[in-house]
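Across the two complexes that follow, chain A remains constant while its partner is chain B and subsequently chain C.
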Partner chain A sequence: MRNLRYLLYIAILIVLLTLPIYTGVYLLNVMDMILIYLALALSWDMLVRSGQISFGMAGLFGVGGYAAALLHLNAGVNPIFSIVLGGLAAGVLAWLIGMAVLQLRGMYFAIVTLALAEIFRLIVRNLPDLTGGPEGTVLPSSIFAGNSTKTYWLVLTVAAVSVMASEIFRRTRIHFALTSIRNDEIVAKSSGIDVFKYLVFIFVITSAIQGIAGGAYAHIYGFVSPEGSFSVDFTLLPIAMALLGGMHSTWGPVVGALLLGVASEFLKLKIPYGHLLVYGLIIVITILFFPQGIVGTIGQKLKKTHTA
Partner chain B sequence: MAILKTENLTRLFGGLAAVNHVNMEFRENEILGIIGPNGAGKTTFINVIAGIYLPTEGKIFFNGQDISELQAHKRCRLGIGRTFQLVRPLQGLSLHENVMVGSLFGKGLSQREARKKAEELCEFLGLSDITRDITRMTALEIKKMEIAHALATQPKLLFLDEVMAGLNSDETMEMIDLVRKIHSQGVTIGIVEHVMRVIRELTDRVVVLDWGEVIAEGPYAEVSNDPRVITAYLGEEA
Partner chain C sequence: MNVFGKLKQSNYQIAIISVILAIILAAWKPHVLVEGIQRACLYAVIALPMALILGIVGIINLAHGDFMMLGAYFAYFLNVYTGMDPLVAIFPALLAFFLIGIATYRAIIKYVLGAPELNQLLLTFGLAMVMEQLANLLWTSRPIKLPLKYVSASATFGSFTFGTFEFVYIGAAIIVLTGLLLFLKRTSTGQAALAVGQNPRGAKLVGIHVDRTYLLIFSLSIALVGAIGAIFMTRHSIFPLVGAPFTMKSFCLIAMAGIGNLTGILWCSLILGLAENFVLSFRGYAGWADLLFFALIVLVIMIRSRQRQVK
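After this line comes the complex of A and B, so read on.
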């Protein structure tokens, strides 16, 4: 059973890696977008496992994007390395903010992250000398000179790193710490868990992933702008994806990102701008009828038939 | 030797003193009963000792070390364990995993070691059928799981906060035996309980709290005849 599962993973990995051989540029571009959202959905879910809900993904995504783009443009940093530094910048920022904001819980934390994302956008917008102000900054060229195969491999790497990070979180003591904190902080503390340290740690890691995704996005499209890089889409879509697929797991957000990503691409063609309405509907239906998401619901069904 | 000592320990909530100038001593390897009417401050006392609340005034010494300002998770690692009056199983974790949390973080064991420890503890407490869904366990099983969780941190001093509540008389007998078993392993125990039979059978000494203050202290037989204690429980004679 276990070997079979590993074989399946390897098969999926081979299909994903060799995708450029049998598909065209259009599908690769769609995949790029889906994989970036997949990384964001996973990073959101990883924080949710501690019970803290962030609405600030767009903020850290934008910060990572701007950091990567500006480091490349002004300091001549290699694009790939600048993406890593974008993640680092988001991580360091999250650490500084987290030390203060992670005293808050639940709704209060969520609202503050939402406000912070907006504050980052406004700061970037009002520093024209550094960031290009409201118009943003255009890079001399897209990464890999726009080569769609290499670009795809880059975002595939970003997504793979997120999946690996999520699995590490699932399989190590971090899983026990986060689940305890989500259930009951007093019990967690009384079991020897340094609650604040774990919350800061997970906030930094997930923010770094968001920063890396933002850096990749900036280099793929070759420009950054306050409205584009900090778009609320980067907060709302990943949440919808994680909810649809199922929270507190790796495969939930992955499945959600693939389904909703493909659906959104299709809907954009059929009903331009109407796709947001469909997202809303999907979220409502998911929460009402299968709050554990697709993966969670199927998992439960399997468990039941297994024990029956 | 006192394993835990409080000096003038006070915890205010607004103007209300839930714990009021308490001087208490836990002697090494004794079973100390903490009793008192509802709202006397028993659970708050445990919460202040465990570090969930910081004291407003006064000091706490554990093995001679001043822990008054120490964070809760550090007190756990030093060896202060506790169960909760309202049981709090961790949803999303199995029975064994619930217990593992204690030794993973309280003792810094690896997952493999923690799992082994959890299996031992569950066996020690007579918890079987380990794959069972924790949402379907009986009251006794959940209480045992809580105790196993606390024991997994390998406490030197263990607080049991009303572990007998909600148990029938057979189950209470079983629990009394378990507390004795735990005690015989060298754990000092502080037990908060409303069931007087439990206090009578288990404790070496009893401290009575009322309105956050210690109103009596001594062996159960003495304390239970103390007029102040009787008044606290039954009220003033009209």
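After this line comes the complex of A and C, so read on.
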């Protein structure tokens, strides 16, 4: 049974790696977007496992994007290396703000992260000499000179890194620490868990992933702008994806991202201005009717039939 | 928990700060003072219904500003089709949004009352998105504005001219605040609502219909914010995303004043309104005015949490 499962994973991996061979440029571009959202959805979910909900993904995504783009443009850093540095910048920033902000819980944390994302956007917007101001900055060329196969592999790597990070967190003691913090912080504290340290750690890691995703996005499109890179979409859509798929797991956000990513491409063609409406409806309906998400609900059904 | 009670000590502190700010400004930049107070009252009147929901029903309604946006469109279309003045449209808006509030509560909010805070936040977040996108789909994102003559009325003192129509915000803020305080303190329904806000179980034990109280308070707040939309659209252009920033500003004010402190909201919005207009009055720095506000949110919440920990 276990071997079969690993075979399945390897098969999926091979299909994903060789995807460029049997698909066209359009599908690869769609996959690029889906995989970036997948990384964001996973990173959001990893933080939610500790009970802290962040509305500030777009902020760190944008910071990563700007850091990568500006380092490449002004300091001549190699694009791939600059993406990593973008992640690093987002991570360091998250560490700095996390030291203060992670004292907060629940709705206060959520609102403060939302406000911080706006603050980052406004700072970037109001420093035209460094960032190009409201118009943004255009890179001389997109990464790999726009080669869609290489770009796809790059994004696949980013997504794979976040899947691996998420799985590592699921399988090590970090998982127990985060789960107990979520369930009852006082109990967690009295069992000797350094709550604050774990929260800062997970916040930095997830923010770094968001920064890397932002850097990759900036280099793929060769363009950063306050409204584009800090777009509220990068907060909303990943949340909708993780919710739909099912929170507190690796496969929930993955399934959610794939489903919603494909659906949104389709919806964009059908209703160009209203596809976000569907996202809102999905959030509302999921919360009301199956707060466990797709993976969670199916998992529960399976468990029931097993025990029955 | 000291909900909707006596003036807290911090209210006096905040009041003193805003009065000092006002005096400095009056001497230095009088137009900043007048416009700041007008803007502050607009913030306060939008934040008050949200504070009511948060204090009694215990839900952060992230779709709050979007209800105001719908109210603004409601008044606009009433004007277009029946020629009704937006200021008269306040009354049909109250009724219509009371009904919308009932529908929203019954269809959605009721089911997450006992759910974790995260689910409530996400739900109203989703609701906000649905409302914004629906408005976008129905009425496009083009800003619209009614050509009303009376909104540009102005008065002049010596060399100093200011708009007089915006004083309607100050009137609205005072009416809504005193109305709510009277309702909560002088009527038995209001007292019951306060009791529910303090302790739903206890309220249930003494025979208060908790669910009906939630329904009433939620619908009342939505009705108020819808009616404010009608006032808002007289002076401002409206578009689907016009309400969203007000949700954040309202939440900031509530967090600043402390949950349940209605009077404090007025004072806090004075500080915010004056400070914002002050930054706006410098040429070339207008872009930083919004930043000031967001920085204030973060600062206030951090300081509040520090205070709580010390206690």
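One rule holds for everything that comes next: the second predicted complex is superposed on the first by the 308 of 308 C-alpha atoms of A that agree within 3 Å, B and C clash if a C-alpha of one lies under 4 Å from a C-alpha of the other, contacts with A are read in each partner's own complex, and residues count from 1 in each chain.
The rule we apply is simple: contacts are C-beta pairs under 8 Å (C-beta built on N, C-alpha and C of every residue); 3 or more make two chains touch, one makes a residue touch a chain.
Everything quoted here is computed from the prediction, not taken from an experiment.
Partners chain B and chain C, brought together by superposition on chain A, fit side by side with no clash.
Contacts of A:Gly106 after superposition on the shared chain: chain C is touched, whereas chain B is not. Using the contact criterion defined above for the overlaid structures, shared-chain residue A:Pro291 touches chain C, although it does not reach chain B.
Legend: residue contacts after superposition of the two complexes on their common chain; A:Arg173 is shown touching chain B, with no touch to chain C. Touched residues of chain A were counted for both chain B and chain C, and C has more of them. Residue contacts after overlaying the shared chain place A:His248 against chain B, while chain C stays out of touching range. Applying the stated contact rule after C-alpha superposition, one finds that A:Ser190 touches chain B and leaves chain C untouched. Of the two partner chains placed by the overlay, neither chain B nor chain C lies in contact with A:Leu259.
In the superposition on chain A, contact of A:Val161 is made with neither chain B nor chain C.
Of the two partner chains placed around the shared chain by superposition, neither chain B nor chain C is touched by A:Val25. Between the C-alpha centres of chain B and chain C, as seen from that of chain A in the superposed arrangement, lies an angle of 80 degrees, given as a multiple of 10. Fitting both structures onto chain A leaves chain B and chain C with a minimum C-alpha separation of 7 Å. On chain C, the positions that touch chain A within their shared complex are 60, 108, 111-112, 115, 117-119, 121-123, 125-134, 136-137, 140, 248, 251-252, 255, 287-288, 290-291, 294-295, 297-298, 301-302, 305-306, 309. Against chain B, the residues of chain A that register as touching in their complex are 172-173, 176-177, 179-180, 182-184, 186-195, 248.
Residues 48, 51, 53, 55, 100-101, 103-104, 106-108, 110-112, 114-116, 118-119, 122-123, 125-126, 236, 239-240, 243, 271, 273-274, 276-277, 279-284, 287-288, 291 of chain A touch chain C in their complex. Chain B contributes residues 50-52, 71-73, 76-77, 81-82, 84, 88, 90-93, 97, 100-102, 104-107, 111, 149-150, 153 to its touches with chain A in the complex.
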